[in-house]
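Heads up, the next two complexes both have chain A, just with different partners, chain B and then chain C.
== the complex of A and B ==
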């Protein structure tokens, strides 16, 4: 019994220790240095963090605004159509992200959009939309129809039913989708790099720069830790909200 | 015409070629406790959903308080429904569920009205309880409070007691009836339980295969069933197919039953009207004696014929010969 437990328990533990804890420890060791702390106080870093945050928020909001109707529509289809539509939602994943981003760049170029930031937000929204649609779909699909009927029966218009019943009951799906989009978008570097031609720098690009070009690993490590802390915080909040029972 | 809260005329509703409602006409008076009684799949729930506005009829009209409901969505109809599985909102507590309709209406004194409604259904003090922690009976009461608190003209109840155990069900039957009387609200009650329908209703409509077979007060439906289906579904009966000549009805297997019917008819005698060894009559053999507490069912066989009697005075045992009789006035004539 004990041996079997060890046999199952040890390999993943060793794996995590070797490829997760050790690198994280190395990153932390590099970050907690005078250079690292100096980065935290650098106004440039703070501006970069601020910009990354609001761009990520904007992309997440766009994903939610576009993803909710899509997920709602799919959930209302017949089972056969649902599978087809879900397949179409994940189909873009079959193409490499960089290839998709270059393709998008060629599509957007004739529109002559001046604002590089807008282009970056749009490209991020485009790239991460499926991460929003899938958890939303899972949540909406589980919503019992009779609760919507009960709401209408009690005098709520379809719009009131949506805001007072559908949205609160699919909050776990909304939270999951927002986190799944917000976290990777906050650290994105390939899409902004390609789409803006390097003119819109996000925190991900900054980390890339520190490690790859300027050879200032302490600063890069500190920014990495900041991102990691944000991720942990959001995930923690999400799991606390999941404890609300009876929700879809 | 205004005295009718619900008027259904010639309503047809099909689902993929099958007609769930096949020409339904009924009228429910103001303040009446009206039951739709029928086996599952007879169309009674569909009819209720048509009245609530969740479905729209293919043919026919539905009027609420004299107003045609064609094209009126559920949220604009002055009816509330108590759903079979309660359909309480899990993200709201008991008070939140009950207040839902009032909040939509932006009604004054929501808190006071919620408290009053909870008192009416015997849930005083339950305001802050999460609905997921309630028992089945408590969920039922919450659903009821939520539906009556806005004072709808008609309350629709879709088998509201079917998920509860017998004892609780009987208690709630009485309570529902009392509540309906004190509110003076029109109740449209859907059930497949004939005892429930007979016990609670002012009038009952018995449905079968999308049609109403008979509408009337419980006693009338039970004692003078209009069709063989009604006779068999509302209570049980002993049936005899035969041909009458004005004094006697003769069956194919040679029985002669005193009855004034003429032509091809079905005769029915309720088990409780059948006497066993109560005098001269049909010779039969006792097959089974089923003791049921308050009553005893005696199953007898006369030739190929199976008869059921509920005679509290009979003292018979399986295997014994017995005579079976009834009074001529207890024979009901049904169209064949």
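== the complex of A and C ==
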């Protein structure tokens, strides 16, 4: 018993230690230095975090607004149809993200949209939409039909049923989808770099600049820690929200 | 840009060869080989070549300063090569494997940073100035200040290279890129923060050629490439321009040293060198290649500038460490604002 426990327990522990704890410790060691703390005090860091956060929020909101109806529709289809539609949702992943982004750039170019920030938000929305649809679908599909029928029998309008029954019951899917989109978008750097020609910098681009160009690893490491802290905070909020969801 | 797409396509299409043949990793600036330079070498040797794009001297330094970088051959500019040689970041060359070194013109052999070509071989040289749309930018720009012209806001691009971008701003604010001071860096950084460029890119030729960008800080050859697609001209501003020479080097920790030597020797063949000059419009240091370079390229002042223009240009030497640090910190602020 004990041996079996060890056999199951050791590999993931070693894996986490080697590829998560050690790198994080190295990053922290680089960050906790005079240059790193200077970065923390730099007003640019706060502005950068603010900009990344609102761009990530905007992209996540767009994904939710577009992804919910899609997931709802797929969940209502016949099982065979569902599989086909889900396959189509994942199909973009067969192409490299950068290639898709370049392709999107050529599609958007004739529109001559002046606002680089709008372009970046749209491209992030476009790139991460599937991450929203899949957990939403999983959640909506599990929704017991009889609860919706009960709501209607008791006189609730379709809108009231949707807002008071469907949405609360699919909240775990909404939360999971939002987390899955928000976290990678918050640290995105390839899409903004390509789409804005380097003129809209998110925190990920600044990290890339510190490690890749200016050779200031302490500053880059500190920004990485800031980004990790933001991510941990959000994941923590998500797990707390899941605990309260346990009621239904 | 097309180059990066190509690199992506190569990345995606590359699968391990059944014969387990060698793979050469080359780090080169964008649009800096002829279309068939790599494929001909692959055909000849049966090896695969993977090319990644250098976007700035600082990126190149950052990648190569922690060997092994994963690259075999890198094209290193004069600004950072002396540091690379001093720190041993480029391998010593076995010149017996590069017999074509004899093709390099005497004035380009044994440059000050590598008197015996022990660690570098000249590749191409050129200048940095302003490329502009002749029809839409009138009168023709003659000063770096044109980049700040409000009429061109959002229609101009700058290089992604901190030293080059600061050079332009230093000239406009009364400083000089060859005589850096902390004050001058502050002034230039403040000036740069006023800019809202269309893009920071080392290969603006596509946007220029299509008329999407009207004014670009650009290497001369990229401007000539853009001129094939649109009304683009190139000028070395009155304040001055940057002169540079790129060099073929073997990165420290390179896996395929023999193949890397073979590649360098291949590039030094007259027909290979001339084909690159004919296609990307950068001047080469290869003597027998000059006969194979097209007449209109040899006589194009955008490729081979006049003596008067060259006099205004200077190499960007490596600044003292403290000033360099200040400049790079300012660069992070400019880009992140």
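Rule of thumb we're sticking to: the second predicted complex is superposed on the first by the 237 of 248 C-alpha atoms of A that agree within 3 Å, B and C clash if a C-alpha of one lies under 4 Å from a C-alpha of the other, contacts with A are read in each partner's own complex, and residues count from 1 in each chain.
The criterion applied here is as follows: a residue touches a chain if its C-beta (ideal position, glycine included) is under 8 Å from a C-beta of that chain, and two chains touch if they have at least 3 such contacts.
This is a predicted model, so every value here is computed, not measured.
S.K.: Fit or clash for chain B plus chain C once both are placed on chain A?
M.R.: In the arrangement built by aligning on chain A, the partners chain C and chain B fit side by side.
S.K.: Between chain B (first) and chain C (second), which does A:98 come into contact with in this model arrangement: first, second, both, or neither?
M.R.: A:98: touches chain C, not chain B.
S.K.: For A:157 in the superposed arrangement: first (chain B), second (chain C), both or neither?
M.R.: first
S.K.: Once the structures are superposed on A, label A:147 by its partner contacts, choosing first (chain B), second (chain C), both or neither.
M.R.: Only chain B is touched by A:147; chain C is not.
S.K.: Look at A:165 in the shared chain and tell me whether it touches chain B only, chain C only, both, or neither; answer first, second, both or neither.
M.R.: After superposition on chain A, A:165 lies in contact with chain B alone.
S.K.: Please indicate which partner A:215 is in contact with in the superposed arrangement: first for chain B, second for chain C, both, or neither.
M.R.: second
S.K.: May I ask you to decide whether A:48 touches chain B, chain C, both, or neither, giving the answer as first, second, both or neither?
M.R.: Only chain C; A:48 stays clear of chain B.
S.K.: Let me test your reading of the model: by the given contact rule, A:201 touches which partner, first (chain B), second (chain C), both or neither?
M.R.: A:201 sits against chain C, while chain B stays out of touch.
S.K.: Between chain B (first) and chain C (second), which, if any, makes contact with A:110: first, second, both or neither?
M.R.: neither
S.K.: Look across chain B and chain C in the superposition and give the shortest C-alpha distance you find, in Å.
M.R.: Closest C-alpha pair between chain B and chain C: 45 Å.
S.K.: Same chain A residues contacting chain B and chain C, which ones?
M.R.: none
S.K.: Enumerate the contact residues on chain C facing chain A in the complex.
M.R.: Residues of chain C touching chain A: 4-5, 8, 12, 56, 58-59, 61-63, 65, 154, 157, 160, 162, 196-201, 212, 328-329, 331-333, 335-337.
S.K.: Contact residues on chain A for chain C in the complex?
M.R.: For chain A paired with chain C, touching residues are 44, 47-48, 96, 98-99, 102, 109, 114, 196-199, 201, 205-206, 209-216, 219.
S.K.: Please output the residues of chain A touching chain B within their complex, sorted ascending.
M.R.: 144, 146-147, 149-158, 160-161, 164-165, 168-169, 171, 244-247
S.K.: Residues of chain B touching chain A in their complex?
M.R.: 52, 54, 73-76, 79-81, 83, 85, 87-91, 100-101, 104-105, 130-132, 146-147, 150
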